[in-house]
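Next come two complexes built around chain A: one with chain B, the other with chain C.
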Partner chain A sequence: MPFSTQPPASGERYALSASLDNARHLSSLLRAVHFQDHATCFATASGLRVTVEDAKCIQANAFIQAEIFQEFSVQEESVMFRINLSVLLDCLTIFGTSSVPGTSTALRMCYRGYGYPLMLFLEEGGVVTVCKINTQEPDELLDFDFCSTKVVNKIILQSEGLRDAFAELDMTSEVLQITMSPDKPYFRLSTFGNAGSAHLDYPRDSDLMEAFHCNQTQTNRYKISLLKPSTKALALSCKVSIRTDAQGFLSLQYMIRNEDGQICFVEYYCCPDENITEAEL
Partner chain B sequence: MRFRAKIVDLACLNHFSRIINTIAKLARTCILRLTVCKLYFILSDKVANGGASMWCELCQGNFFDEFQMEGVAAEHNEIYLELAPENLSRALKTAQNAKAVKMKLTNKHCPCLRVAVELPSLSSSSRIVTHDIPVGVIPRRMWNDFREPSVPDFDVSIYLPALKTMKSVVERMKNLGNFIVIEANLSGEMNLKIETDLVSVTTHFKDLGNPPWATEDGCQSSARGRDLESMVEVCIDIKKLQQLLAGQQVNPTKALCNIVRKRIVHFILLHEEVSLQYFIPAIA
Partner chain C sequence: LSRIGDELYLEPTESGLSLRAVNSSRSAFASFLFAPLFFQQYEPGSTGPDAELFRCKVHMKSFLGIFRSLPSLEKSVGKCLILLKPHANRLVLQLHCKYGVTKTHNLAFQECERLQAVFDTQRCASRLCASARVLAEAVVHFPPTLAEVTLGTGPGGKISLQNYVEDEAEPSKTMVTQLWLAEDEFQAVAVAPGSHITFCLKEFRGLLSFAEASNLPLTIHFDEPGSPFRPTGKSQMNSPAAISREQHEHSRSCSVPLSVSHLPIPSDDFADDLESYMAAMETSEGGSGGPPSPTSESNPEEEEEEEEEGAVPGTPPHKKFRSLFFGSVLAPGRPSPATTQEVLAEDSDGEC
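And now, the complex of A and B:
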C-alpha cells in the first residue's frame, strides 16, 4: 500500500494527532521506562502516558503533557492501545541517538483509532522517514491505588545523590532493602549479595535531602532486578521523590527537565517482595 | 616469490590502517593480490559469504616508501595470498605512532606475512614489535577465480546519500527485520524500506543526483525511453549493508550504487586513491 511522504492534513479525523519539533523530547522519556518490549499508550487532551509493566509487580509510567508538543489533539475522550516499545523507540531514533547541537528530528504522529497502526513521520535534514507500527489490544493495567493520603513516608532527594548508588547496586543481591524512619538511619539502602551486605545511609540534614517526611519506621524489600531499570529514569532526572504506603508499596517519582527546560515526570511503582516475613527483618 | 615493503609516512600509515579496518569489517578471510603497481583485496562470491563479493584496489606508490615484489614467475609477476584481514588490522593497531612499518613475506615454518612495527623509544635503539600473520599462497591455477568482477548491466545508477545518515537508518532498521529493500530512480531519489508483520519503515532520500553514465543513450539500453521516476528495487540481507556502512570510517570522495532490478546491488566507494567495490546479491 503506497503512502506519500507528506503527513496528512490536520483537518482529517484522527483519534490522536501530535507534532513535536524535537523527537528527543519523547524518545528520551520513553527510554526511561523501556524495560519490556510492550507498552500501553494512553492519550487524553492533557497528554500522553506510556505504561510498562513486569511480573505483575512493577509499573513504570512516562508522562508527556500536551504542552510539550507543538500540536496535540485527541478526538475522543481518550485513546488507548498497546504497542511494541522497542520498535517505537527504534523508529523515533531512526536518524541516530546522538544529540548534535542544532540538529533535531521533527516528528508527526497520527493514529486513526482502534485497529489502526500508529503512523510516524520523522524528518531531519531534508530526509523523511515514514513508519507504520501495528497496535494491539491494550492490556489491563495494574492499579497501585497510591494516593497522597495513604502515604506513610516520603522523602525528596536530589537525583545526583542517588545516581552512583543505583548504578553500582550489588546485583548479586536478590533484593534492595529500603529503610525509611523518623529516627536513625533515616534513609538507608541495603543489599545482601555474595560478597556481603552493603548499607548506604542518607542523613536527614544532608544537602541532597530536599524534603523529609517520615512518620513511621518502615523497612521493605523489593526485587532488585525489577527496580534496576529505574536507574535510567534516575539518570535523566534532577529530583526524585520516594514514598511508601502502609503495605510497603513503593512509589518513585522522577522530575525530568528536557533540553528546552520543560518538566516531565516518570514514575515507578513496585510491590514489596512477599517472600520476606517481618520476623526475618 | 618475494615481497618486501616499508611505510614511513605516518599519514600514509594511518590511511592504510583505515583501509584494512574497513576490509576487516567486510570479510573474515580474503585474498591479497600483489602486483608491481597495485594491491588488491578480493572477496569472491562464495556461498559462505552470503554471496557478497568485494574488490578493493589501491596504488602501492601512494602508501609505501619501498615496495619490492617478485611474483611466482616472470610472465606472471603477481602474488596471491589468502589471509584474515583482522590479523593485519590488529598488527597495524600497534603502529599508530610508529616510525616505520615493514612488511615481508617469509616462510620459516609456514608462509607468513611478517609485519615489523618500529616504535619510538627513549633510548637510542628502537623498539620493534613483530607480528607474523599466517597466509595461504594461492597457486597460479586458481588465479582465475579472483578476477575483477564485471560491472553488471544495471537498471539504475545513483549517488549515495550522506553515509552517516544512511548508517544510522540502516542500523535502526537492522533491529526491526532481516531484509532491506533499496530502490532508486533516475531522478536522484532513493528509498530504503523494511517491512515485517509488526512494522514498516521507509526512509526517503531526494536530490542525490545520478552519475552521468546513468542516462547516456549508448550505455544502458534498458534505461532508454524509461520513465525517470520509476523505481528500480532490490531486496538484500540488511546485515551485509550494515557491515559495509559500519566499515566506512572516513567520508568517501565519491559514493554510488548500481542496481540490477531484483538481482544485485553494486556499491562503489572512492576515497582519493582507493576504490572499493562491494556486490550484494538479492535475497533468493
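And now, the complex of A and C:
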C-alpha cells in the first residue's frame, strides 16, 4: 500500500473512521486509564470504548461517545482490536502535551479492519504527522457482571473531596479498605501501613455527598496498587460514583467534563482482595 | 525537630506538651514545650495523682507524614485532636477537615525513657541576653560554611565573636574574622571575665532565624568550656524551650558521664545541620509562610503562656507564629555591629 500523507478519500471503506478537532478530548481520557501498555479498543456506532486490565482483578474503561467526535463512522456492527496504548498516547500527543489556549491538535483516525494498522493523521499549525500503529488480536475481557440491579451500596461524591485523599494514600499499606454503611462511619477509606492505620471518614450529610444510598454495612479490601491508578481519573473528574455489589466488587464511575464542556465517563471495576486478615480499627 | 532526630518524643506534662528530639550521637537535643493554653483543650493524663504521665516516641517520618502538605492543611483542617491510648498502643491524631470529613491516624509508638538534657542554668557562670536581630546581624559576617565560632570576653565588657581556627592551621593562610559587640548591644550581660566558649555556628544560626522570625530575645547560658551551651527563647504563643547543644572547648577535650537522662558531650563533630533547625521550627508549628510583621495581631484563640526559666521577658508582640525561612532580616538604617568589624584591627587590646 503506497504511503500517503493525505487522509483517505471518503469513498474507501474503513471499518472505523473518526475525526476530532481537538485530540486532547481523546488523549486526556486515555491517560486516565493508562496503567498498562496495552488496551482493547471497541467501537460501535455509539462511540469508542477503550479498556485496560491488570492482574485479572481490575478493569478500566474510557468511553468517548460518538457525539464528541466531529465525524464518527463504524461500518460493521462493531470493531475491536488490541493496541499499544503507550504508543497511541505518544502519537496523540506528538505535538506536545502542554495545552496552550487556542492551539489544538486535529485528529483523523482510520482503521481498515482486521489485520490492518490504525492510522492517525495529526495536524497542528499546518504541520501534519502520520502515524501507523499495528493492531493485535483482542484479548478476552473480564466481565464483572456488574449491573445496577445488583448494587448494594451506592454513593456519589464530588471528586474534590477525594482527590487529596487518593493522592495522599499511604502506599505502604497493601490494601485500601472501603467501608460503606447506613450507620456510622457511613463512608470510610482505611489504610494499614508501616506507620499505623489511617481512616478517612465522610459523613452522609457532608456537602460533598451528592447521593447516599447505603443499605447494608459492607467492608471490603482492595489491593491499593491496583486502585492507585484511578487517581488520574479522579483528578480529571468532577463527580465520582462508588458502588459495591453483594460480592464486594467495586465500581468507580467518574464523570469527566472536557474543555468544551462535554461529558465523558471513565469507570474502574475492581475485585475485592482475597487475603482477608483481621481489620484493624 | 525532624532534622535533629528520627524519632519524636512526646511527653505530656502538667505544664504542657513537650516535643523533643535528640540526634544519633546524642550531641544535640531540642525541645519544644507547648503550654496548655496553646490548645483548646489539654488533658495530660488521667492515670491518677501518683502515676507518672505516660510518654512515648514515634517515628518522626510517620508523624510528619500526617502533616505532609501544609498549604492544604491550612485550607481544609479545622482542628486536630491528639490522643494517647496506652492500652491500645496507639497515638491517635484526628484531623477534623472541612465538609465534615474526619481523618484519623493511629500511630504505633514505643515507650521511652525521659529525654532530657542535663543542665542547670543556675550553675552557669555566664549569661547573655540579646535580641535575635543583634545576634543575627553579628553572625551574618561569618562565612556560611563556617562551622564553629568562639565567643569571648574582652576589655570594657565587650563580647567578641571570632571564627574558630584550628591550632594546626598556618596563620598566614588563615583568615580570621573577629567582631566585637559592646555591652549595650545586649539586653543583659552577666559574663564571667575571661571566659571563652566555642560552639557550632550552624546550629546557632538555625536557632537565630527561628528567634528572629518570632522576634524573640535569646538568652544564652554558658559556663566553662565543655559544659552545655544553652540558648533559649520564649514566645507568647508557645514556648520553645531550650535548643540546647553540647559544646566543646578549644582544646576539644571534653566528656560527660552518660546516663539515661544525660546527654554526653562529644569530643568532636556536630552532625546537625543548620537547615534542619529551620525545618524543625516549621514542623513544630505549621503556620503559613510570610515575613513576620512588626505590628501586633491579636488572635483571640491563642493566649499567653507561662514563664520559661532563663529568658528575659522581652515582651514580644502578640503574633501568630509563622513558619520561617532562613535569611537574617536586616532592619534598614539600623546601626549594625559591622562597624566593629574591621577585621584584625590594630586595636591591640582587642585580643583575648
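Simple rule for what comes next: the second predicted complex is superposed on the first by the 274 of 281 C-alpha atoms of A that agree within 3 Å, B and C clash if a C-alpha of one lies under 4 Å from a C-alpha of the other, contacts with A are read in each partner's own complex, and residues count from 1 in each chain.
Just so we're on the same page, a residue touches a chain if its C-beta (ideal position, glycine included) is under 8 Å from a C-beta of that chain, and two chains touch if they have at least 3 such contacts.
The shown structure was predicted, so the numbers you read here are calculated from the model rather than taken from an experiment.
S.K.: Kindly classify A:G261 by the partners it touches after superposition: chain B alone (first), chain C alone (second), both, or neither?
M.R.: In the superposed model, A:G261 contacts neither chain B nor chain C.
S.K.: Report for A:G102: first if it touches chain B alone, second if chain C alone, otherwise both or neither.
M.R.: neither
S.K.: Looking at A:D164 after the superposition, I want to know if it touches chain B, chain C, both of them or none. Which is it: first, second, both, neither?
M.R.: In the superposition, A:D164 touches chain C alone.
S.K.: Report for A:A195: first if it touches chain B alone, second if chain C alone, otherwise both or neither.
M.R.: Only chain C; A:A195 stays clear of chain B.
S.K.: After lining up the shared chain so the two structures overlap, which partner does A:V128 touch, if you call chain B first and chain C second: first, second, both or neither?
M.R.: First partner only, chain B.
S.K.: Overlap of the chain B and chain C footprints on chain A, residue-wise?
M.R.: Dual-contact residues (chain A): none.
S.K.: Flag every residue of chain A that touches chain B in the complex, lowest number first.
M.R.: Going by the criterion above, the answer is residues 5, 84, 86-87, 90-91, 93-96, 124-134.
S.K.: Flag every residue of chain A that touches chain C in the complex, lowest number first.
M.R.: 161, 164, 168, 170, 194-203, 205-208, 280
S.K.: Using the touch rule from the top, collect the residues of chain B that touch chain A in their complex.
M.R.: Within the complex, chain B contacts chain A at residues 161, 164-165, 168-169, 172-173, 175-176, 197-207.
S.K.: If we count contacts the way the header does, which residues on chain C are in touch with chain A in the complex?
M.R.: Listed in rising order, the residues of chain C that touch chain A are 59, 61-62, 65, 68-69, 72, 76, 90-91, 99-108.
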